[in-house]
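Just below is one structure, and these are the notes that go with it.
The letters A, B, C and D name the chains in turn, as written, and every chain counts its residues from 1.
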Amino acid sequence: MKVLYFAWLRERLNRASDEVSPPPDVRTLADLVAWLRSQDDALDHAMANPAIFKLSRDARIVPWDTPLAGAREVAILPPMTGG
Amino acid sequence: MKVLYFAWLRERLNRASDEVSPPPDVRTLADLVAWLRSQDDALDHAMANPAIFKLSRDARIVPWDTPLAGAREVAILPPMTGG
Amino acid sequence: MIRVTADPFDPGAEANAFQASHVEAGAMVTFTGIVRSRPDDPITALILECYPALAENELAAIRNTAMVRFGLIDAGIIHRHGRLVPGETIMMVMTLAPHRQAAFDGAAFLMDYLKTGAPFWKQEETAAGLRWVEAKQEDDAARDRWQ
Amino acid sequence: MIRVTADPFDPGAEANAFQASHVEAGAMVTFTGIVRSRPDDPITALILECYPALAENELAAIRNTAMVRFGLIDAGIIHRHGRLVPGETIMMVMTLAPHRQAAFDGAAFLMDYLKTGAPFWKQEETAAGLRWVEAKQEDDAARDRWQ
């Protein structure tokens, strides 16, 4: 599955996405974030204040405790500044 | 001086304006209205609920107790429905 | 900009010209009033009577009040009178401000004051004849919320 | 109508087409967001990053919520991404309603939700380089007033 990063998170990681295969105990989007942070110091550091981020699953914003099973694309979204 | 009537007040009176010369004891716009009503039953009847009307003096909306002296044009304005 | 006119105008073109006239604005709000004919109570036209000299003075005063109160960069009002058919634009209010809240508040304020304080009177033309539009108490209430 | 696009658009032409698309509306409100460069802190451009698939889904959801909540006849959102220079239109919200209050409230609601819930990220281009625009707490507060 694909993980997307946007804006300053993308900049800090120097990449816009990862292709990942999380282990079976990663059941929710929150689990996915925790697992990704455990694999990557830059991401871990950039997400030191996780409450500011929203997550999307297959192009829908969803709660962090949403199940991951079946997801093709998860995005980690810094605070939005549109409009 | 000229007195203007608008909308349904104009219709009820069958005229858009009067040229009048009020007596010297007519000192305010309120006095003018009272004097006009005393001269004209149709106006008196149409203004049975005077609180709904606004008055203008030389094309500025003013309080009813505004002095009349020097006015060229007074208008009696039914409730407005613009916008 | 204040304009009281019997002629039709193009609201989109007015909005674009208004937007282009200032470089420091971050937010623009427009309100457009449109002649409406309801299927259950159709009208063939709306006829607006006006006292033009007073309308220009009052609209200018309302505009100045809004400019100061909300810190607007600019505000414009265009109001038609005469006979208008359903779908035609009756009037338009435009505000330009640094940020969105002032632009929204300024436009809403202008509309609330204009509804009760600008010398226009609407008459509806229906199959049964003409009828005056009655002033709404809710318009007085809308205006009073700014006091 | 929802449109997420890298291309410029003509806000006045969009507003006119939107107004003409419905016959029962009495009131239209538009909000236009404009790239702003302040003399005391000039920028040469605003660069908007976007997640297009999510933007279209979220804007459609916000639009549907506003339509139902305020009884709108229609609502439209156009949002650009890419590089925009000062004076260019960033985005536009339009509402059509029977009466003015719903049109105003619907447009303000759309803006407040869009500011915090649509996946766009602004970067300012200045003489000193690029800088990300920080999210404002006041935008969260503006959104929360509708809850």
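By definition in this document, contacts are C-beta pairs under 8 Å (C-beta built on N, C-alpha and C of every residue); 3 or more make two chains touch, one makes a residue touch a chain.
A quick note: this is a predicted structure, and the numbers were derived from the prediction, not measured.
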Least step count from chain B to chain C, where 1 means the two chains touch: 1
Chain centre separation (chain A, chain D; CA means) in Å: 26
CA centroid of chain A to CA centroid of chain B, Å: 72
Chain centre separation (chain A, chain C; CA means) in Å: 48
Residues of chain C engaged with two or more neighbouring chains: 33, 100, 111
Interface hub residues of chain B, defined as touching at least two other chains: 83
Pairs of chains satisfying the touch condition: A-D, B-C, C-D
In the complex, chain D residues that touch chain C: 10-16, 19-20, 23-39, 86-87, 89, 98, 100-101, 103-104, 107-108, 111, 142
Interfacial residue positions of chain D with respect to chain A in the complex: 33, 48-49, 51, 53-55, 57-58, 79, 90-91, 111, 114-123, 132-135
Residue ranges of chain A touching chain D (in the complex, touch as defined): 4, 6-8, 10, 52, 56, 59-61, 75, 77-83
